[in-house]
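Next up, some structures in structure tokens.
First chain A sits with chain B, and in the next complex the same chain sits with chain C.
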Partner chain A sequence: MSILKGKPDDDIKIGVYVCHCGHNIASTVDVEEVARRAKELGEVSVARDYVYMCSSKGQNLIRQDIMQLGINRVVVAACSPRLYEQTFQNVLRESGLNPYLLQVANIREQCAWLHEPGPLATEKANRLVKGAIKRVIHHSPIEEQSVPVFPATLVIGGGIAGIQAALEIANSQQIVYLVEREPSIGGHMAQFDKTFPTLDCSACILTPKMNEVARNPYIRLMTYSEVVEVSGYVGNFNVKVRRKARYIDEDKCVGCGICVEKCPWSTESEFDADLGVRKAVYTPFPQAIPNIPVIDKERCVYFLKGKCRACEKFCEAKAINFQQEDLFIELHVGAIIVATGYDVFDPTPISQYGYGRLPNVFTSLEFERLCSPSGPTGGQLKLADGREPKSLAVIHCVGSRDQNYNAYCSRVCCMHSLKYSHLFKEKTGGEVYQIYIDMRCTGKGYEEFYERVQGEHVRFIRGKLATITADSPDSETGEKLSLSCEDTLLGGLVNIPVDMAVLCVALEPRHDAEQVAQILRLGRSRDGFFMERHPKLDPVATMSEGIFIVGCCQGPKDIPDTVAQASAAAARALAMIVRGKMETGAITAAIDETLCSACKVCNALCPYGAIFFDEVSNVSRVNRILCKGCNVCGAACPSGAISTRNFSESQILAEIEGVLV
Partner chain B sequence: MVALTPFKEAADMLMEAGAEKLDNCYQCGLCTGSCPWNQVRSFLVRRIIHQAQLGVIDFESEDLWLCTTCRNCVQRCPRGVEIIDIMKAMRRVITETGTAKIPDSLRLAITNIAGAGNPLGEPPEQRGDWAAPLRLKHKADSSTLYFSCCIPAYEPKVKRVARATAQVLKTSGTDFNILASRENCCGESVRKAGDENLFNSLAEKNIKAFSEAGIKQILVSSPHCYHSFKNEYSKLGADFEVLHIVQYLAPLVSEGKFKFKKEVKKKVAYHDSCYLARHNGIYDEPRRILESIPGIELVELPDVKENTLCCGGGGGRIWMDTKKDERFSDLRIQQALDVGADVLAVSCPYCMLNFEDSLLGFSNTKTVEIKDVVELICEGL
Partner chain C sequence: MAKLKLALYWAASCGGCEIAQLLIGDRILKLAEAADIVFWPVAIDAKYKDVEAMEDNSIDVCLFNGAIRNSEQEHMARMLRAKSKVMIAYGACACRGGIPGLGNLHNRQQIFDTVYRDTASTEKNGNIFPQPSYKAPEGELEIPVFYDTVSTLNQVVDVEYYIPGCPPEEKTTWLALEALIQGKLPPRGTVISHNVKAVCDDCSRKRDIKKIKKIHRTYEFIPEPEICLLEQGLLCVGVATRGGCGALCPQVSMPCTGCYGPVEGVIDQGAHFLSAVASVIDSKDEEEIRTILSDVRDPVGTCYRYSLPDSLVRRASIK
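Up next, the complex of A and B:
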């Protein structure tokens, strides 16, 4: 990349451009006065005001002055630099000036929007502009940098989000490593029975995508594996993956399933939300990809007691290998897509709902498995005593929209509650009560689905459930549940006797989200989900360059939104790979090696791991690609050896002086 | 139908009187569903909150005086609305502006407290008389105060609690002072009933009396005194160590300070009082004491600890009339009978008074004794 010339040695010629921002600034601040006052300062060659400085006409004013008047420092007095600094930097770049010879004075968010119109507001704007003028004198050109991007992508998590992202990239004939913790890809979507609002069979729409993953030559699938370490930086990540021992040789196994059939030991099936059983050697579900079983060391009697080996005796492919050990594999990738999904809320702490104590109170995920043809009851709804339930209550917002647990709305529960009503009606013809606070059916076809389910004679009770108790046993119907809450529309307490209750539990960040965040240097928002770069304008990228977040690890969302976000992240990763390089921030720390006393204080403090110690020269050095310019090191350096580019002491002091004096 | 017009001034007045979290309510009705009143009659807490939001409150309604401040709704509220503060604010507005009538029985108790320092209107100089038969040698120089609460001090049915406590403290070798006529009602229920000014003056008098007597530590029998001394007086500048008697005694019992000589062969159910349990998170100490007394078989009631069922006595309700078939204390006695308890153990004078009253209605069948936890210690000695 060419280094654009700023001309620090030339006479400094400053252009000041004051924006009206329509009425946003001009109705509070006398912008013409601000421009006039700026011009009175000796260093300022030209000062203009314009109604929208960010428009192409406004930009042209600056461009012309640079070209024709030889302006070599630019001050824009407008909105926050977070919004348009890059736009104006481009104007400088296109006009042959180094983009860092610009300073933005924020006279909108930090002035016009805060104050009453009048001379005081104008005076504050004057001061801010003067500060920017005094500062920009001390600006010098900064060299911009870019890094090469290694053409491979890591996708962490093989649920629908990870599957979609991996397929999008692989279909562009770029290499993807898909790492999944469980023995099979598929995630939560594989556990669902039907999907709202169209009631497609979840497995039927997911399985083809899973098969595509298995077939696609550009996808390197690693199941039963976890990312344990990530180092490097955008374009050049080094990733360490632990491939947990399956005790089955993946190359030899033909997936015949004889080991599973012959294994004499059973345990609860995680895939069936602990309602069903699986063997000690197992594939979690029939459509598993890869169709290679795993021996669960915690449950296998050979591992526990040293005897059995039934699977080994029957395996004709000789694929069983009790000696197998965990393998560590190093990957080199340019981009990382995180799709680690969610956990469901455990409702046990809400003791008044009786979950865990009353046998016919289920969670939403358990209900999915009870409805599923591949589930523990073959899709038949059954009570603890084996009878078919004649009535169901679906409880909304369990652990969601509740400050005691999770303050946020989990977004999918209203819709899957409606789905459960429909499925229950379809399977049993029984009575269904929805106990809800607000119905939130905001997706395409969602409101229509709500209306359809209403038409199936489902009863809606508006209120938050207070208690579930077991009624005394009734001779005809056996033990019933008794639900109590206020029907806020009736304005009275209601008691609802039902056979079965489903608690629609919150979607929560994974229990190990913090650990993953640390490995990848991701931030987390207050709700515990991974933090996006911008909540509206960049919900896919993160503050870690080259790392993207998709699906429910970023926040609760339904399948359509997850798939859309996954495709977006894939496009972002592909954009980097196709260009083959990535621009990184120019505002980075610089260490004056003559002043560095080798105390290494900065090494440990850097939140981005960007500072390392050079043992040969006995000084600390900054990796400019990793550095984000936060200046923690600069503030801590006892020798004053570190300063951050464009935030030098002289720049900051000049600005303060400009504002105050 | 008459259309209602939102009345901002009334809502603002409530906000100023302490209903600050009012706006957070999203009308889910969990408060109504959690409120013990709805086990005996309709009481739409949620609707009152919404009326308060819009400022369209019926200040004449008797509903405004129902809340026992048991805190079950506040504990569960998904939006962190301080419902007790809202109820208190409405009562405060009535008390301070005279907008509506205060229930007669409550007004009488308040007048008595204002005049005599106790709700029964008994002479202050007789406040220490409960201790007379014990021939206590008052340790006027002790920095530990035993504050009995007005009810054990005057109410004949409950005086035994104060006496048992003094006895147990003596046995444990604890030096303690009694301020008798210099004590005033703690004012906890007065405040919940909406009389902020009276509360402040009671608190001021008590803090002054305690300070003048050189008190550093206060032992109380009532969770209500505990709550006000610990959580409310401290905000008025008081600096005393406050312990409920079960908190003080539990470690002594564990250390073997008491030599139990008799077996108390009884099945005992412990009733968590709202102010000890839900308001202050004290569940284990009373149970630990009961389990240490030889012979006692501890059984649990259906609603315990943070889900405890209110006796009906908090929030000033102890002084108000409750219709015969609307008493939560009756439900609680029935629960105790259902689990086959011989004794319903309490650690709150209000609970004891309410249960003793309720028992009168159960006299013809098998019955249950009401005893303070401290009385049961006495029985074992």
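Up next, the complex of A and C:
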């Protein structure tokens, strides 16, 4: 006796189409027999087999039967529905049938490819097809849906990724809100000296883009601002942005810099990786966009002690405003591009490398600032005692490819290590040692750069650095560092005396990535970076429809890859905005309100925030646009009031019965 | 209008259903005006042979309570089915298997071993088990055959309507009887109750997001009077149980045990409750989840107290 109650009562005519898949299926399964057996079932009006059901001829068989025989349910027995379900759904759609009146029985991956040829394989195919037939009886048409897309995009993060994405969209004359939490856009790229492998000056290629951002009328730039809340869904996000108080009126400030000049208070410059100093009122670097300073409330003596106001006295534009407060601004956007970048690994915990203890051990980012003409030393490499270093060790994979810290490869360090070697040679002519595990130079022109640097008499030592210690000061050469390291090519321990060491530190997820992930409902992969929808085929989209991730917030990558990703995400956002609407999935959960008892078991479960409680009607409801059809709620509903379209209990039980009974 | 002919019968049950039927009080007089009771072993002196003598379809309505666990009960169910135009499963046992249905965790031999051999109060004078037939000096004696598996009424005969409850509330019984008296019967297959939604719909306790960190038993604490019991860690099956009872148990701080059966349309009440509880356990750590769930002392008895024979698995597999 069937446990199923009730059946759809319309006149059901099922067509069954069994694919040979060339020899893929037919050499293992007797496909003609499968079609014959299907035909014996009462509801089946026609059953055919064909060599390639996915070919246009195969599709035509289905199309003709729908038109001529009035077939109103279709079962295709072929490969995985992941491959051709959409193709066959289109056949139904074009023939005037709702595409969800189709069921695919996977007799290739789940049968032919697993088993030896013979009657057992054929019997299994028969059972899978029977399950599909019994299931498709319970299918009903599902209405497909689309949502309007509001024509504006939010880009979070103003590094090179965010700048590129914003410019691409703005150049198509669409509105972009670019939100950056620092006082200026530019991100990490603005801190770099030269870029590999072409050695063009980072600022020289970035600054024009930053200026373009400032000039473009379609970009609404909000610096010193943070996204604090995102609600809504694809096409219609409501975003709350906190504009932190600059204490300087952006409309009045002319960027003359007199306030900075006159400010008597200094502190460490974050932009210079704490190696240089800045004032309490400051712009992080000379080319800052916008060229409007901020007053650092934590450092400003007026805020701390109530006295000073030197900046205010000298500002002719009367732009200083100590009364300014944080502003909250609401934005309405259709798409969101997340470009929040990365943090650099803090090597202090690897105490044997002496970072923070030995004055001449630097991180890669610090070394960038030391090399930069706008950096704290004006581009001069100097040791703690002011001498020019005569030798340098560049240590690869610090915090990367290391089970104790991050298992992944940070991808950019090999190349910037080579760049450091070149820059050091150029500036000092001294000795350079590269201590590496593997050289990974896989981009365009990268291997050639590696060869070039090899030709510059850089010493490459393959091995993992053990320790850095300080040697006793030599009267002639001053204090030296002593590196102890295994050279796996020579097969022995080596000790290297150098003046300076650079630790090429890992690129890590932002310290507040989890907070951002929660605001935007993003997933994170094991390494902590934001999770893409598909690692190969959909690397910029996320499981949150309408939200894209680009640059290093998705995983470590270099500038060319970042720029390419940013353009890709911009294209995706534009595709939604230009069409003005977007199809969302039809397979979504539905709540039968006549059965919902308001127990609220489902309310906290939805990973997409698609379930909400309607206090007026006293029932839970599903927002169909947010719903991805995962059926977590349906599995939990103790009243059986929630079912996901095309995965109803009757469909699933009918399929199981079909296979087993 | 001719008076209705009504039969009432009991099978594997406790007798509570008969009490519940009498709970309609003096409305029984209204019932008597509309119907003649032709068979009711608890109250009327009628014998099996009297029923056997009746014509097929001569009884208008049979209210049948109790599950089917032996040959006599099956025989009576089939006979009353043949004699009755309308068969109603009355009470949790007839509808879903009820408490006797938990016998499906064992088989006949295991039950006999416990009852006739292993219990402390049984005299240890050898393995004496009931036999279906026995040759006594006076002649051959027969008792019904005890089955391995307890069945619901509709697993044995066709059933038109279901009246849920252990036992059914007075108002539920009267809802069905009134419909009978007035001749306004609902569609075949209806579970007759005042509510199709879960007990929560009847319950006045405040419900919010559910996250369970600790599962409690009722004796451990006095629950907050106004907050959902499930949220307080008591396994109240009300979320997975048809309402209509008025949420009597949770109102007095006793968690619902599920006697009104699943909500309309649900296949397998216990699985739905289990899935709901699993969904609201507030932990992602496997070890912690195991610890939380180890406080459920009787998982089958909690989830399937009245519905094991009606579940997808029906019974334990015993080899």
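Convention: the second predicted complex is superposed on the first by the 571 of 661 C-alpha atoms of A that agree within 3 Å, B and C clash if a C-alpha of one lies under 4 Å from a C-alpha of the other, contacts with A are read in each partner's own complex, and residues count from 1 in each chain.
By our rule, a contact is a pair of C-beta atoms (placed from the backbone, for glycine too) under 8 Å apart; a residue touches a chain by one contact, two chains touch by 3 or more.
Please read all numbers here as calculations on a predicted model, not as lab measurements.
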Which superposed partner A:Cys599 touches (first chain B, second chain C, both, neither): second
Looking at A:Asn404, would you say it contacts chain B, chain C, both, or neither? Reply first, second, both or neither. first
So, A:Leu102: does it touch chain B (first), chain C (second), both, or neither? neither
Let me test your reading of the model: by the given contact rule, A:Ala636 touches which partner, first (chain B), second (chain C), both or neither? second
For A:Cys485, is the partner it touches chain B (first), chain C (second), both, or none of the two (neither)? first
With the two structures laid over each other on chain A, which partner does A:Gly463 touch: chain B (first), chain C (second), both, or neither? first
Same chain A residues contacting chain B and chain C, which ones? none
Chain B partner, complex, touching residues on chain A are 351-352, 397, 401-404, 437-438, 462-467, 484-488, 491-493
Considering only the defined contacts, which chain C positions touch chain A in the complex? 155, 189, 196-201, 207-211, 228, 230, 238-240, 243, 262-267, 272-273, 275-276, 278-280, 312
Along chain A, where are the residues that touch chain C in the complex? 1, 3, 5, 594-605, 632, 635-641, 649, 653
Which bits of chain B are touching chain A when the two form their complex? 26-30, 32-34, 38, 42, 44, 46-47, 76-80, 306-307
